[in-house]
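Two complexes come next, and they have one chain in common, subunit A, joined by subunit B in the first and subunit C in the second.
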Partner chain A sequence: MVQSIQIFDPIKTKKTAKRNRAIFVSLCIFPSLLFLVMFMYYPIVETFRLSFMKSSGLGQDRFIGLDNYRKLFVSEEFRAGLVHVLTWAFWSIVIQLPLAFFIAFSLTFYVNRVSKPMRAIYYMANIMPSAITAMLGKFVFSPNNGILNNLGNQFGWDWLSNMDFLGSERLAFWSVFAVATWAYTGFPIIYLMARIEQMPKEFKEAAELDGVTGWKYAWYILLPNLVYPLRILAVLCTIGSLKLFDLPYMMTTGGPGHATVTLGISLYRQGFINWQYGRASAIGVIIFLLSLIFTIIQFSGKKEAA
Partner chain B sequence: MRTGFKLHRAHYGWIEVFITIILVLFALTVIVPMCLPLLFVFKTQLEYSYDPWSLPKHITVKNFLEAWDAIKIGEGLANTLLVSLGVVVLAVPCAALAGYVFARYHSKVTEVLFYAILVCYFIPIQMVLIPLYKFNIKLGLSNTLLGLILPMAAFNIPFWVLIYRSFFHTLPKDLGDAACIDGAGHATTFFKIMLPLASPATTLALLLIFIAAWSDYFLSLIMLNDQKLFTMQLRVSQFLNAYGVDRMPRYAAAAIISMSPTVILYIIGHKWVIKGTLAGALKE
Partner chain C sequence: MKKFTLVCLALVLVPLMAFAQGQSDTAAKESGPVTLTIWGRDIPDTAADHIYVHDLIEGFQKANPDIKLEYIPLGDPGLADKTKITMAAGVDQLPEIVQSWGGSVMGGYADAGRLLDLTSELASIPGSKAASDAMSWKGKTYGVAPFFAVAGIFLNEDIFARNGLKAPTTIVEMEAVCDTLLAKGIQPFACGAKDKWPALAMYMYLVNRYGGNAFDRAQARTLSFADDAFVNAAKTYQMWVKKGYFGTKPLGEAYGDAQQQMAIGKAAMMVTGSWMCSQFSNKEFTDQKIGFYAFPVVTGGVGKVTDVMGMTDIGFFATKNAEAKKDAVVRFFKYAMSVEACASEPGRICAVPGVPAKAELTGMASKVFAASQSVQFWWDQDLPPAVTSPLNDTIQSFFLPNSDVASSLKAFEELVIDEMGPVKK
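Moving on to the complex of A and B:
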């Protein structure tokens, strides 16, 4: 019966079809949207609001304008965090990206039995949970018992066994940075490899015919064609540095002094140790705005040879 | 192919050998720190302090037991497994449904909603942390695993909506239309025809969301206070603070135990892991 009605009443059929379609569409989108409104949109608005408030979880929040921001910029910890994060971004671009390019080029150019399985090996450190990475980092860099100090002992190299990799203000930052390079270079490698493999085969063949091989090929042909992917990676490095928390927090808890404090660590300390929700939110807003600026810089550029 | 290969070899000769050696050295720096704990783990503390670098004389599993008990690794694994499964179960269906609609039901509204979901992918988690913490207290979810699972699922949704959307785009459009003509409803078309076809995307989503949830540290640190609820990663960092490397064999044991689930998963699924990671990155 129902079927016959649908067939013989075209207007009604069209209407119900339209309604069914609308119901289906809303039912499908609704769960995702609900999740994101509750756990993204609402908190984003709330963070902005809190950043203008004096809020400690106890008592009423009080509006104090830009006071939180002003206090942050005179706080030594926050300023150290900002400087470290930007330094970190700079060095990760300068060190990790050329390294990744070298490895990606070599693995795609010199394909042989040894280099083939290496993509998986290089990416392996990248999927380790950060807690494990920190654990292995401490395993290598810890004072006295760590692997490096221990090796120094073994060979009687005092300069190595006396180095306090995580405890000295001069070295702590670089030790954590070394661990991060170990862990995070895998992604640029596989990403650049995929980009290189996407490029037309004729590139390499034509270059070979012209006698352009090896490093000349990498420099004059690959690199100009990888400008856009490299820029994306640079932005990802920068945003990753802005968000940096896990590794320095677990390896050195930001110390010694403020030697390895990052914006994330500063936020955590303000919010969950000093219970200054307002000030912590202000740091959140700053992290957000900075990553927004860097993302805009990326998308504003031309997408040449993407 | 074969001749090309030969030509190739003759061409590069010793440069290729040299570069390959460098590549192997780099690969060793990745692998060695993960394997080195194996050298220490079977020794007693005394044996270790006497001669750390020799091969173990006899094998003892005492270190594993000690490490296991020191931070109650069993409990940690159970919690982490629960969290990861919870996140997967919530995030994957949401992302699949929304991605499907965004790929197949174009209208102004869906377009706007798609971008509204996509921008969330670019929001750093630090931006939402404080309100989420307060929100959980308000909902009575603070210090529960559910209070961790829900926001974590939300963070994973935008990326996989994007992936599902582009995956459903690649499927031929006639497929759905044919089903519709045969009288199948929207839901039937999705569940009976489209979803099974999307199983490659689903595999990637399951695997990578699971790994992401398994690896999380920051969000768990904020949301969980109760020792009993601590996930594996929180327990590892607790171990770092409480014991450090003072007793290396036990430390090595803890590292090996906590590393092994990820390593095993990676050895089995590294192809999919790499594919899934690149799926989003190669999109723009």
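Moving on to the complex of A and C:
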């Protein structure tokens, strides 16, 4: 009779444990990986593929090479959208960020009974749904019964009551931008406040000893130390502008003419109204690539700062 | 080792069991009474403009207890967007019935094989030809339209009476009326050009009155959209905008604002669809007396007063997903087109014979419809979707004082060439 003897082999046991762990980890990762592939990477690849197709979303797609891109760049609507998002990004950086810095500094440096509720008030616009922000914007700029129009009528200021804030090609973009500035400045304020409050107290004490107080402290001490956060905010502003859709769409639907159209609005119209899935995908690709370029800029900035 | 195997098995089996549970739920659902899912636009409440859908659902359920209706209101543009996305995904996720205006959008779905051909089943249902045509595509019928709308002039009778004015029958008379109204500080027209599509109704009529069937020819590609009829109509339109016929801020005002201007008597006229009859007849909405008239003719022009622009007001089509439930769908469509179901509608023009107009205003609109010799389907429901939004953009550009309408139409024609081909010589 042959008796089998089990010999304890530490190397084999270690290998088995390692293999089991690998299987376990793979099984745990699998659902999230599947989710990412299905809902993120596949749509990105599919968007790139569709951008080279003539597609209505129904029936057969036809390969047309770069024709969608060519048609976009000769389309007045797309060009207007591109110019608008870049203009929007530029002015967001030039107006919203200095404003945010100014408010963030005021709220952290001059702490009193008013400053605490003011923090909540400034941020409140940021947490409101875009639909409500747009409604409030319309409430202010509406041509016949808006606050500004009524104000003009009340004081007999015809120049104000005659202004068509949302219906004039000249004013519509800036009216929407004004609402956006009110709504979107909340986040940079909170972000900069957090960064200012994180700074060592010694900075402030040393500056005070040298007689650098108030706005001089803001300009000479704080600002140089906030260059990197401001750069990140600038990149976020730019990417946010490239994807801009909700506020201008709900306030003006991109009009009058193409006065407030953005790449997002153009994409929506091409895909859902005009049934031009290929062209809509091409806009999606352009937004993606532009966002990628700005993200790379962000990372290169990080390296530099490091 | 055993423990490890169990954990791995659980990781794999739990999602599988959840999936199987979902499948068995679906199977259980299907074994009950026939369920028809309907994607609709309006909330089925008892508000004046929703009452028909409300009574249709309730009435059909009472009369057909063996069929369960699941009505899902998706609003606007929710219904259009969701339908489009789901159609693109295939047939399986589609409901059995979708509310629709028919026309080219429905035609696109029909071409892609997503709709159920009910030509023979619906042939016996009595109704207006224009409404039936609207729910047909390339000779096949896919649904029904119990209500049909025509465009015309809603006119404030009180303002006209106070100023000794009569409903205009020619464009020259209409311009004289507008000048008189402007001189008295009354805005001649409400439009809602901010929303783009409301500006189309007047332009369709102007093109027809100048060029007769110019649109039909342009659609058939025997005429350019930059032809004289289109350009002259656009020039007239822009001239009226510049004269202030649409107020000082026409592009800042949406369709809802235009309705309000009519409701409070700020504007004297509005060229739009007869779907507004119920609202303009509602004393809670307006205390003004409003009438409905055919659009005037151009003296020496080609179009006639009996050429009318129209579109489906309420319609439904069946999807290919309803193939197994064809009988239930046909029963629903027949009920939707019954006098009983249509009787509750307070304001729309009914396409079903034997349903009297409840409101005086609807009666006026019905007369315009009844007198029509040709009904041109609303352009943005008739042209391929690829060019309808640019069409509305083009028409909105007529409201910009410095825009060159001829260039705008030429740019639109180039887009049409791209999508529908060049003009055939």
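As a convention for this text, the second predicted complex is superposed on the first by the 272 of 306 C-alpha atoms of A that agree within 3 Å, B and C clash if a C-alpha of one lies under 4 Å from a C-alpha of the other, contacts with A are read in each partner's own complex, and residues count from 1 in each chain.
As a working rule, contacts are C-beta pairs under 8 Å (C-beta built on N, C-alpha and C of every residue); 3 or more make two chains touch, one makes a residue touch a chain.
Because the structure is predicted, anything quoted here is derived from the model rather than measured.
After the overlay on subunit A, what do you see for subunit B versus subunit C, clash or fit?
clash
Where does A:G255 make contact in the superposed view: on subunit B (first), on subunit C (second), on both, or on neither?
In the superposed model, A:G255 contacts subunit C only, not subunit B.
Who does A:E46 touch here: subunit B (first), subunit C (second), both, or neither?
Only subunit B is touched by A:E46; subunit C is not.
On the superposed three-chain arrangement, identify whether subunit B or subunit C touches more subunit A residues.
With both complexes superposed on chain A, more residues of subunit A are touched by B.
Looking at A:F24, would you say it contacts subunit B, subunit C, both, or neither? Reply first, second, both or neither.
It touches subunit B and subunit C both.
Is A:G284 touching anything from subunit B or subunit C once the two structures are fitted on A? First, second, both or neither.
Touch status of A:G284: first partner only.
One more residue to check, A:Y122. First (subunit B), second (subunit C), both or neither?
first
State whether A:Y191 touches subunit B only (first), subunit C only (second), both chains, or neither.
After superposition on chain A, A:Y191 lies in contact with subunit B alone.
Figure out whether A:R269 sits in contact with subunit B (first) or subunit C (second), or with both, or with neither.
After superposition on chain A, A:R269 lies in contact with subunit C alone.
Applying the document's definition of touch, where does A:S142 land relative to subunit B and subunit C: first, second, both, or neither?
A:S142 sits against subunit B and subunit C alike.
For A:G211, using the defined touch cut-off, is the partner it touches subunit B, subunit C, both, or neither? Pick first, second, both or neither.
Touch partners of A:G211: none, neither subunit B nor subunit C.
Determine where on subunit A the residues touched by subunit B overlap those touched by subunit C, and list them.
Dual-contact residues (subunit A): 20, 24, 27-28, 31, 57, 142, 144, 272, 277.
Looking at the complex, which residues from subunit B come into contact with subunit A?
Listed in rising order, the residues of subunit B that touch subunit A are 8-9, 11-12, 15-16, 19-20, 22-24, 26-27, 29-31, 33-34, 36-37, 52-53, 90, 93-95, 97-98, 100-102, 105, 107, 110, 113, 116-117, 120, 122-135, 150-151, 153-155, 157-158, 161, 185-187, 190, 211, 214-218, 221-222, 232-234, 236-237, 239-240, 244-246, 248, 251-252, 254-255, 258-259, 262-263, 266, 270-271, 273-274, 277-278, 281-282, 284.
Note which residues of subunit A are touching subunit B in the complex, please.
It is residues 20-21, 24-25, 27-29, 31-33, 35-36, 38-44, 46-47, 50, 57, 103, 106-107, 110-112, 114-115, 118-125, 127-132, 134-136, 138-140, 142, 144-147, 150, 154, 182, 186-187, 190-191, 194-195, 198, 208, 213-214, 232, 239, 242-243, 245-246, 250, 263-264, 267-268, 271-272, 277, 280-281, 283-285, 287-288, 291-292, 295, 306 of subunit A that touch subunit B.
Under the definition above, what is the set of subunit C residues touching subunit A in their complex?
Against subunit A, the touching part of subunit C is residues 1, 4, 7-8, 11-12, 15, 77, 80-81, 84-85, 87-88, 108-109, 111-114, 193-196, 248-253, 257, 261, 384-390, 393, 396-397, 399-400, 403, 411, 418.
Would you pull the subunit A residues touching subunit C in the complex into a rising list?
On the subunit A side, the touching residues are 20, 23-24, 27-28, 31, 56-59, 71, 76-77, 142-144, 162, 164-169, 252-253, 255-258, 269, 272-277.
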